[in-house]
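Chain naming follows the written order as A, B, C, D, E and F, and within any one chain the residues start at number 1.
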Amino acid sequence: MNFNDILQQLTQGFQAFTWGNAVMIAVGVVLVTLAVVKEYEPVLLLPIGFGCIIANLGMSYETGMMKVIYDAGITTELFPLLIFIGVGAMIDFRPLLAMPQMVVLGAAGQFGIYGTLLLAVLLGFKLPQAASIGVIGAIDGPTAIFVASKLAPEMLGPIAVAAYSYMSLIPIIQPPIMKLMTTRKERLVRMEYAGRPVSHRLAVAFPVIVTLVVSLVAPSAAPLIATLMLGNLLRESGVVDRLSKAAQNEIINIATLFLGLAIGSTMTASNFLSWSTLAVLALGLLAFVLDTVAGLLFGKLMYALTGGKINPLIGACGISAFPMAGRLSAKMAQEEDFNNFILMHAMGANTAGQLGSVVAGGLLLALVAGFGGM
Amino acid sequence: MSTLGSALWITLIGMGLVFLALLLLWGLMELMMRLTARSAAADEAEAAETAAEEVASQADSSRLARAAAAAVAVALALRQATLPPEGPADAQVSNWQAAMRTARLNQRANMFTRKQRGAGR
Amino acid sequence: MNFNDILQQLTQGFQAFTWGNAVMIAVGVVLVTLAVVKEYEPVLLLPIGFGCIIANLGMSYETGMMKVIYDAGITTELFPLLIFIGVGAMIDFRPLLAMPQMVVLGAAGQFGIYGTLLLAVLLGFKLPQAASIGVIGAIDGPTAIFVASKLAPEMLGPIAVAAYSYMSLIPIIQPPIMKLMTTRKERLVRMEYAGRPVSHRLAVAFPVIVTLVVSLVAPSAAPLIATLMLGNLLRESGVVDRLSKAAQNEIINIATLFLGLAIGSTMTASNFLSWSTLAVLALGLLAFVLDTVAGLLFGKLMYALTGGKINPLIGACGISAFPMAGRLSAKMAQEEDFNNFILMHAMGANTAGQLGSVVAGGLLLALVAGFGGM
Amino acid sequence: MSTLGSALWITLIGMGLVFLALLLLWGLMELMMRLTARSAAADEAEAAETAAEEVASQADSSRLARAAAAAVAVALALRQATLPPEGPADAQVSNWQAAMRTARLNQRANMFTRKQRGAGR
Amino acid sequence: MNFNDILQQLTQGFQAFTWGNAVMIAVGVVLVTLAVVKEYEPVLLLPIGFGCIIANLGMSYETGMMKVIYDAGITTELFPLLIFIGVGAMIDFRPLLAMPQMVVLGAAGQFGIYGTLLLAVLLGFKLPQAASIGVIGAIDGPTAIFVASKLAPEMLGPIAVAAYSYMSLIPIIQPPIMKLMTTRKERLVRMEYAGRPVSHRLAVAFPVIVTLVVSLVAPSAAPLIATLMLGNLLRESGVVDRLSKAAQNEIINIATLFLGLAIGSTMTASNFLSWSTLAVLALGLLAFVLDTVAGLLFGKLMYALTGGKINPLIGACGISAFPMAGRLSAKMAQEEDFNNFILMHAMGANTAGQLGSVVAGGLLLALVAGFGGM
Amino acid sequence: MSTLGSALWITLIGMGLVFLALLLLWGLMELMMRLTARSAAADEAEAAETAAEEVASQADSSRLARAAAAAVAVALALRQATLPPEGPADAQVSNWQAAMRTARLNQRANMFTRKQRGAGR
C-alpha cells in the first residue's frame, strides 16, 4: 500500500479542478439562475446550466454517464430529431395554409444566417465554424444543434446557449427594432382573417407533401423536416391520439432533458473559455437582429405591394422562434390598437419561418460540404 | 477560391434556394387549397353541426337549449349559404369507419378505465 | 471550388430518386391514407407508411437516424418485445382460465402458418423465407416481426404490412367464411358462461407458469412469451400500478411508433418492388383464410363432440388477432340473435390463440434451424 | 431431403407440438383452477363485499343507500351460499400488508398531489 | 436432414435445464411471491424475481434481449442514475435545511458499511467484494447497485436482492433494536419543529451546492449525487414542471422495471448458488443492524448533549432507506405518545442519511481503488 | 499490507471523510440559512397571502369568506410582525417574468387543452 496513491485517489477532485472550471461553474450557475429567476427557456437552459456545472466537476461528455448520453443522442443526432417529432405534434399549419403568401416572410427571416456566416468568415472563422455560427440565425434550437453537431461539434455549447438564450430574449430584442423600422401607421394596419377553411384532408396531406418537397430540394434537411412533419402527421391524422400524446409528452420531455444535459456537458473550460465563444455570442445576437430586420423589410415590401393591406409587423415572425415571435408580433400590434388582432397572420408567418429555418439549415449543410468546407 | 468567396457563393445560392423552395411550397399550398376547397367547406359545416349538437346537449336541462341550438343553426345556415352544396358521399361516415372507431374507443376505454381485478386485494 | 461538386451536392436528392422510389412513395401514401381514412390499424400503418415514404427519400434503415432506430429496436429484437410487455398488461386471461378447453381452438388457429409455409415452398421460396411468410398466419404483429427479422429480414417490410393490414381487415375477411362454414342453427347456439371464479392467486401464478412451460417446450419463443407474461404479471399482481401503467402507455406507445417507422424504413424500392412482395401479400391473405377455416372446423368439431353446446363461431377467434377476432365473433353471434352473448367464450378462445401464435412462432424458429434452413 | 420434404416435416412436427404444448397448458390450468377453487370463491366474496360497501357509501346521501346495500348483500349471500365456507386466514389482511399499502398510497399521494412549494413563486 | 439435429433443436430447453436452474426458479418465485403477497418493495422485487426466473430458462444477461438491456443500463450505469433523477425529484430537503445538525445522524448511519466490510474481509472475501457487500449498508438501492456493478458485478444479484429485501423489512428489523437501545423516557421526548422557513432561493441553490461539494470531496460519488441533485433541482426550480414530472414518472418507472429485470437476469444458478450468496445475505442483514445501532447511539449522544431535547429515535433514520425509515421513526414515537409528532425531524435525519449514503458509497469506490483493490 | 489492514484503513479514512463531508455541508447549510433568512420570511409571507386569497376566493359564495380571509390575514400579520420589513424589490414580480409566465401558461394550455381540429372527423 502506498499512502500517496490513496491521497491522490481522495483528492483527485481537487487536483483536477482548475480556475477555468471555477469560471465555467459560475457560467453554469448563471444559466440556471436565468432559467429559474428570469424564466428564460427554462426547460433547456436549466439542464444546460446543470450539465455545464457537472462537466467542470469531472463529468464531461468525454467520460462516464454523460458520454453515454452524448453518444446516444447527440452523435446519433437523435435528440434534436425526437424533439422535432414533439414540436411537429404541437404546430398547427392551418393559418399558413390559409395564407400561403406568408412563406415570403419565412424565407426572408433566414437572411441572418448568411449575413452572420459572412461576418464570421471575415472575422477569420473557417467555413464550417462560420456556418455553425450562422445557423444560430435559424432561431430554432433543434435545427441549430443538428447543423452545428455535424459541422463544428466543438462549438455546440456556445451555439446552443446563444440560440436558446436569445430565443428567450426575443421579447427584449425584437420590439425596439420593430418600432424603429415601422411607422405607427403601418403598425395600425388591420388585417381581415380571410379564414379560408382548411379541409381535414389537406391538413393531413400537408406534412407528407412538405416532406416530399423539402427532402428532394434540400436532402440534408430531410431528417429535420421528416421528424417535424411526422409529428404534425400524428397530430392532424386524428386517429393516433396515443402516439401524438407520446410525442408531445414522454418523447419530447425526455429528449429535452437529456439534450440539455448533453449540450451542457460539452461546456468544459477548455472548450468554452476562448475568444471564439465571445464571438459566437456576439455574432449570434447579430444574427437575430439581421433576421428581424430582413423580415421587417419584406413585411414593408408586402405592405407596399398590397397597397397597405399587410401589417409589416408580421415580418418579424418570419425568423422562426416558434411560437414566441408570432405571439410577440400580435402583442405589438395590439399595443398600438387594442382591437387589432393579427395573431392568425402572425402564426402563418411564424410557421413559415419554421419551415424556412429547416430548409436553410439543410441547404447550409449541403453547401458547406459542396464548397469543400468539410 | 478564398473562404470569403465561398461564403458569398453560399449566401447567394443558399438564400436563392430558400426562396425557391418556399415559393414552390406556396404554389403547392395554393393549388391544394383550391383542390380541397369543397371538402374544406364540408368539414366546416360538419364541425359547426357538431358544435350545435353539443351546445344543445349541454344546455339540455334548461330552456336555453333550443334557443342556443337555433342560434348556432342560423350561423351555420348563413355560412353554408355561401358554400357549394356538399356531396352526400363526404358527409356520411362508412359503417366500416364507424365500426373501427367504436372498436378503438372501446379498446381505449378498456385500457384506461378498467378496474384491475387484482388491485383491490 | 468546383461548381460541379456544388451542383451535385444540391441536386443529390433528385439524382438519387428513381421511378421505383416514386412507386414506393405512392405505396407509403396509400398506407397512410388507409390508416387515416379507413382507420386500418392506424397506430402501426401510419408510421409504417411514413417510414416507407422517407425511406425512398434517402432515409432508409441503412443510413442515419433510421439506421440508429433500426439497429436499436429491430436488430436487437427489442421493439416487438417491448410492445409485448404492453400487450400482456392489457390482456385478461381469466376467461381462458375459466374455460381451458378453449386452447384447442387456439392451437387449431395456427394451421394457416404451416399451410402457407408449404405453399410458399411449392412456389419456390427457400425455407426461411417460406417460414417468414407462413408466420403471417400467426396473425400477431410482434410474433411475425420477431420471427421474420430473424429468418428473412429482407422481407420484413411486406410481411409486417401484410400482417397489420389483414389484421385490420378481419371484419371484412372473416364474416363471409364464418357464414359459409356454419349453419344458422350452429350460429344460434347459446353458451352459458359457467363463470368459474378465478382466484387472484391463480391470475398471478398463471403468467409465471406459462413462461415456465413455454420456455421449456419452445425455447425460441421464450423472449416473446416472457415479455407477454411479464406484462400480464405486472397487471395481475395489483401491487405495481406504476409499472403496469408505464407498460401500457409510455413503453408500448414509444416502441410502436419507432417499430412502425423502422419497418417502413426497410421498404425501399429495391427491397419491396419484386414479385416476392406480391407473393407475400397473396400468401398472407391465404394464411388468414386457412387459419379461420381451421379454427371454424375445430369449432364445429367441438360443437359435435359436446352435443351442440359450443357455438362454432368462436373457432374463428383461435387465430389470435387479439382482441379484434374475439369481438367480431361475439358480434356475429349477436347479429343472428340479439340476446346471445358469447363474448367471454370468444375472449377465452382469442387469448388461447394469442398463446398458440407465440408457441407456433417459436417452434417455427427452432424447426427451420433444425432442418438446416438457416 | 428436399425443401418440400423438410416443409412437410416442419408442418407435422410444428402443429403436433403446438397442440401438445397447448393441451399441456389445458391440463395445468384445469389442475390449478381446482387447487385454487376455494381461494377463488373467497376472492369473489370479498369483491362482492367491497362492491356492496361502495354502493352503500356512494348512495349514502339518499334513502336508496340501505336498499341498494341490501340488494347487493342479498346477491352476495345467494352467491356465497353455493360456496364452501372460507377460511378466516385468507379473509383478513395482515398488519404488515396494511402498513405497506398505506405507505405506498402515501408515497403516491405525495408524488402527485403535493404542491411544490417553489411553484408559486 | 438429420433427425438428431431436429430433436436437439426441439429439446434444447430441457437439455440446458439443470437442478440449479430449478432451485433458482424457485428463488425467483419466492421473490415474486414476497412482492405480491407481502408487498415487499414490489416495484423492484417483482421484476428482479421475474428476471431471475427467465435467466434460468435461457434468458440470462449474457444473451439476447436481456444482454441488450443489461449492457444498456447496468454496464453503462445508466439505470441507477436515471432512478436517482426521479428520486431526487421526490425528495424535499427543507426539513434538513431547517435543522442541519441532523447531518450527524446521516453520517452515523453509514458505520454499517464499514463494519460489514471488515467482517467480510475477515471471512475471506477480497477487498472489492467485501466493499460491495458493505455497501448494502448504504441502505439505498441505486447506490448499492452503482458501487457493486463497478467493484464486483458478479455479486450484483445477491447484493441487490439483499438491499431491497431488507429495505422492505425495515418495519420488522428496526423496531426491536429501537426499543432495546432507548428508554421509554427517551422515546417520549417531544421536539418542537423550530420551523425556520426555507427560502425558495435556498431550496433551488441547495442541490447545486451539494453537487459542488460532494463532487469535489468524493468525485467517485459525482454521478450519483449529480443525478440525485438534478432531480431535486428540477423539482425545486418550479419552472420545469414538464421535466420534473417526466423524472418522477416515465423516467423512473421505465428505469426501475428494466433495472429489476437486468439484476434478476444475473441470478443464474452458476452466479447465485454459492456460499458467498448466503454470506452476502447474512452480512447484509448485519449491515442494517449495525447502521441502526450506530444511528441510535449518535441519537442518544445528541440527547445527552442537548440535555434531552433530541428524541434519539430519529437516529434510526440516519441509515437512509428514504422515506421508509423516516416514517417508521415517527410512527414509533407516536406509538409511545399519540400526540408526539417528530416526522419533520425524522425526515431531516432521513434525507441526511440519503446524502451520507451517496458520499460513503463514492468514498468506498475511491478507497478500494486507492488501496489497490481493483 | 494485509487485506485486513487495508480494510481497517478504509474504515478509518472512509468514516472520517463521511463525517467531514457532512459536517462541511452542515456549515454551508447553516450559513446559507442565515444569508437567506430575510428572503425566506418574504417567501413565507407571500405564500400566506396567496393562501388567504385562495381561501377568500373559495369561500366567495358564502358569508364565511370575509371571516376566513380575516383569520388568515391575522395569522399572517402575527407572523410578519416578528420579521424584518421586506424590501419592495423582492415582493414584486418584473414585467418580464410576468410575460414569460403567461407565455408558458398559454403554451401549456395550448398543448393540452387545445381541441385537435382533425380529431372530430
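Just so we're on the same page, a contact is a pair of C-beta atoms (placed from the backbone, for glycine too) under 8 Å apart; a residue touches a chain by one contact, two chains touch by 3 or more.
Here the structure is a predicted model, which means the values were calculated and not measured.
The pair with more inter-chain C-beta contacts, choosing from D-E and E-F, is E-F. Centroid analysis (C-alpha atoms only) places A farthest from chain D.
The mean-CA centres of chain B and chain D are about 42 angstrom from one another, to the nearest whole unit.
With centres defined as mean CA coordinates, chain C is found 41 Å away from chain A. A separation of 51 Å divides the Cα centre of chain B from that of chain E.
Residue positions of chain B with contacts to 2 or more other chains are 1, 6, 9, 13, 17, 43, 104, 117, 120-121. In chain A, the residues touching two or more other chains are 1, 6, 10, 39, 200, 204, 217-218, 237-239, 241-242, 250, 363, 367, 371-372. Chain A makes touch with chain B in their complex at residues 96-98, 100-101, 103-104, 106-107, 110-111, 113-115, 117-118, 121-122, 126-127, 130-131, 196-202, 205-206, 209-210, 213-214, 217-218, 239, 241-242, 352, 355-356, 359-360, 363-364, 367-368, 371-373. Taken together, the chain D residues at the contact with chain C in this complex read 1, 3-4, 6-11, 13-15, 17-26, 28-30, 32-33, 36-37, 39-44, 104.
Contact residues on chain B toward chain C in their complex (touch as defined above): 1, 5-6, 9, 13, 17, 96-97, 99-101, 103-104, 106-107, 110-111, 116-121. The touching residues of chain E, when paired with chain C in their complex, are 1, 5-10, 12-14, 16-17, 25, 29, 32, 35-36, 39, 42-43, 46-47, 50, 53-54, 57-59, 64-65, 68-69, 249-250, 253-254, 256-257, 261. Those residues of chain E whose C-beta lies close enough to touch chain D in the complex are 1, 6, 10, 37-40, 90, 94, 168, 171-172, 200, 203-204, 235-238, 241, 244, 248, 323-324, 327.
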